[in-house]
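Please go over the structures that come below.
Shared between the two complexes below is subunit A, which has subunit B as its partner in the first and subunit C in the second.
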Partner chain A sequence: MNVTTKHRLAKDKLMLWGVCLFAALTAVPLIAILGEVLLRGYDQLSWSFFTQPTPTAYKAMKAIEAGEPIPGGIANGIIGTMLMLGMAVVVAVPLGILCGAYLSEHSKDRFAQVVSYLTDLLQGTPSVIIGIITYIWVVVPMKGYSAIAGSVALCIMMLPLIIRSTEETLKILPASLKEAGLALGGNKARVMMKVQLPAAFGGIFTGVLLAISRVIGETAPLMFTALGCSFIRFAVDKPISAVPLLIWEFFNDPNLQELIWGASLFLLLFVLMLNLTAKYLAKKWNQ
Partner chain B sequence: MSDKLYRILLFLAALAVPVVCGGIIYALVSDAYEAFEHFGFLNFLTSSEWSYTEGAEQYGALPFITGTLMTTALALLFCIPFSLPVALFVGEYFKGTKVASVLSTVTDLLAGIPSIIYGLWGFYTLRPIIMALNISPQGSGILTASLVLAIMIIPYAASLSAEFIKMVPNDLKEGAYSLGATRAEVIRKVVFPVAGSGIFSSYILAIGRALGETMTVTMLIGNTNNIPSSITSTGNSMASIIANQFGEADDLRLSSLIAIGLILFLITAIINMIGKVMIKRARIA
Partner chain C sequence: MESVTPILEFKNTCVSYTKQTMAVKYVSAAIEKNTITAIMGPSGCGKSTLLRAVNLMHNLYPNIRVDGEILLNGENILSMEPIDVRRRVGMVFQRPAPFPTMSIYDNVLAGFALNGIKLSKAEKDATVERCLRSVALWNEVKDVLNKKGTFLSGGQQQRLCIARALAMKPDVLLMDEPTSALDPIATKHIEELLLELQKEVTILIVTHNMGQARRISSKSMFMYLGELVEYGDTETLFSNPTDERTRAYLTGKMG
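Let's turn to the complex of A and B:
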């Protein structure tokens, strides 16, 4: 072997090791973040953490002075998140599926192409802008922050994700499936409802799970819409809390800082579980 | 359900998207109008003053545009040395193996972490390190925000790049191997030229994500309203000034914040559009 060949082979090896090293390094932040949140948060998780509302700053201060653990939990945030998410899902899922069905049926239409571009535009819109918009659309006319406003913001964020996953799943279904349905005498609506959508269920369901996991941790769009609230409440026309909003509140209030990690651990585990479930289902469904 | 009803129903659902988008643009423009009218459009873009003394209010977007551009550019710079190896690992070296799927799960999970948790981690872990290294006295600033932002955009850049690297035809690579090329040479001379435009477009989309990232930047950038003088100084991005001040603002300040939102919306929309068009072209080629 001459010198240049040796040199080239050495370079090849160096490249391989470099790629492996730097690729492996990307796992470091994931482990670091998970580790920190777990270590600092696990001892805060208890039954009362999930059933009690957030303490006032004064109560927390008293507990800190007395050297006791801060009383209370994040129940108000969990209920707020579930309520707003529920309302958003009820609107975004049917609307997104119908819109995705439209895009897959008319993919060559001028109008459908415009809608497709605008879906991308909506998906790329920064979440803080969705917050501003919902403030202008809902909070100003209703003269106050509310759970409805928060759920509108979440709904707008979920919509493009659901549209895309529905459209893509319907597009990869074999055309023969639809044709067989039509040949049996079903009209387009019946074939869509009874054949195509059931066949695409797995993909759409995965898409909905991913959309939920994407919006459940959103803080910025809720800051100017749902605002936050320190007690448990089910009213949809009043300010309400959410888990990410509580984390932001704890971050800004020195008296409540101890609660940050429990709330973050809960949110992180919830989001990552949703992600892994969606990924697992997608794999299973693809086989 | 009759065919006609079905068609109308689908059309109405599809109409929701243009209505929402139109509503976003209309609401932003009409509420930002007051600020543009008061300060003048160009003046608003180029003024670096942000003071809310009553009677002498002066708002300009330049410090925040600079802050956004600096954090985004730095984040991109820090992200490339990690996202490119991940893409090569998943798309070329270990294509289709178990290790590759583990690594792509890792990046997927990174993409799933809520931005407020990235912010907490940056604040409680990274900021003390930056302070200990004597890079900046207060720890927060453009650099800290960009470092965490870089981690956040790695998954987006890496997964899309990997997809384009995977699509490089085998016969091209085999041709190069048969001429005696090493793997590193094949990557440099075949994979990069063929997948180049696709990889490039995936970074454009990553930029689009970084531009609008709010909570992480708000928690780490230091929140000062002047043009950052260096990468270690504090500042504010367009998204972070909105997150910080929107709740307490009214009248002219509110309108100025919405105007900043409009500018941010337009910049992200243009960047995303360029990215999507490039991806479409790269897929066809």
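Let's turn to the complex of A and C:
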């Protein structure tokens, strides 16, 4: 081996070490966040934390004075989050899938290109703006904050993600699949419903899970729409709480600050679980 | 030769992908009922393009133009609705393409589902058995009908696709190099199957494999650069081609 070769190999090794180091550095914040939330929030997790609504500041203060753990939990937030997510999913999933199917089949149409561009814009729209718009569109005409308004905001945020994942998944399906369906005499709509969409199910479902995990932690749009509520409620036309809203409320109330970590841990674990499920499904589907 | 109405007839059929060039140039040929006709020629000669014109696959791609006439039982299919044509003209692709989310059973019946045709349970069972028997797959899969079609071997998958096409009782079956992705044994099975099937359906098969064309077809076409150079009885075409280009291709001097 001559000197230049040695030199080149050494450089190569140095580069490798360099990129490994930076890769490790990017993992640091993530692990630090996980660790911090886990350490601080672990103690608060108990059965009642998930079944009890938020305590009043007075009750919390009394408990702190007596040196006891703060009573109550985040059940009102969990129920609000699930209720609003559920309503948003019911609307956003069919709408997003149909739109994605259109975009993948007619990608050359002028109209499809415009819609595709708007989808990108929507995806890039700051969530706080979506919140204020929903306030104008839904909260003002309905004369009040409500779970419906919150779910509209979340639905708008989920749409571009579902549209994109549907479109991309359909586009990577082999053309032979669609052609085989059409060759049997099916019309385009039937081939889409019976052949293409079922074949793309894994990718679309993964996209939906990722969309849910994207919006589940959204706080800003819910401040303008769902507002918050300190007790458990199932009404869709009344203000309602959500886990990220609770975290914000806890932060603003010195007596409740202890609860931040339990709520954060719940949110973090939930999103983590959704992501892992999405990854697992994507992998299984690719096989 | 006494005049038999051909089941399929190309009349000056042209296909072009761009305005400047034609992939298939003025092909005229009449295909007889219940025969196997092989379309041969080097890569890019337009044989698949010609085949895909018959079930109006080109309609999916707005840039592609098909001119001239293609008559199915005397009717010009170029002016018919694609979904009507495709019910009467089945197609089997190069790569076996069973629908991945459907069971073997549902794959055979896919044509009915895609056409919105409702069948009773008994009709379904009978159709599945009939079609799988006609492709000699019944004995191999009768106990696993609810398994996904993609679990089968390549050759079995291709036979499943043939069964799926046959279920619609087409007049013509188009096959685009159906064995090029299969091993020799699976290929042999399919060839034997096609010889059997020509009693029910007229087969038009694109093949790269000259041996295959000679083994199974009664008529052969040789295409070169988009033109139909020679069309006639397979035996004559192989033993005594009239065109110099056919001779060169068959003897391996061009390809």
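Just so it is clear, the second predicted complex is superposed on the first by the 271 of 287 C-alpha atoms of A that agree within 3 Å, B and C clash if a C-alpha of one lies under 4 Å from a C-alpha of the other, contacts with A are read in each partner's own complex, and residues count from 1 in each chain.
Note that a residue touches a chain if its C-beta (ideal position, glycine included) is under 8 Å from a C-beta of that chain, and two chains touch if they have at least 3 such contacts.
Owing to the predicted nature of the structure, the values given are computational and were not obtained by experimental measurement.
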item	value
A:L177 touches, of subunit B and subunit C: first, second, both or neither?	second
Touching partner for A:A147 - first (subunit B), second (subunit C), both, neither	neither
First (subunit B), second (subunit C), both or neither touched by A:I129	first
Partner chain(s) touched by A:N187 [first = subunit B, second = subunit C, both, neither]	both
Which superposed partner A:V89 touches (first subunit B, second subunit C, both, neither)	neither
Touched partner set for A:F251, first subunit B, second subunit C, both or neither	first
Dominant toucher of subunit A (residue count), subunit B or subunit C	B
Where subunit A meets both subunit C and subunit B, residue numbers	187, 190
Residues on subunit A engaged by subunit C in the complex (per definition of touch)	108, 174, 176-177, 179-187, 190-191, 194-195, 198-199, 201
Residues on subunit C engaged by subunit A in the complex (per definition of touch)	55, 57, 60, 62, 82-84, 86-87, 90-91, 93, 95, 97, 99-102, 110-111, 113-116, 161, 164-165, 168
Subunit B contact footprint on subunit A (complex, rising order)	8-9, 11-12, 14-16, 18-23, 25-27, 29-30, 32-33, 36-37, 95, 98-99, 101-103, 105, 111-112, 114-115, 117-122, 124-129, 131-133, 135-137, 156, 159-160, 163, 187-190, 192-193, 213-214, 216-220, 223-224, 244, 247-248, 251, 260, 264, 267-268, 271-272, 274-276, 279
Residues of subunit B that touch subunit A when the two form their complex	1-3, 5-7, 9-11, 13-14, 16-18, 20-21, 23-24, 27-28, 31, 81-86, 88-90, 93, 103, 105-110, 112-121, 123-125, 151, 154, 158, 182-185, 187, 208, 211-215, 219, 239, 242-243, 246-247, 257-258, 261, 264-265, 268-269, 272-273, 276
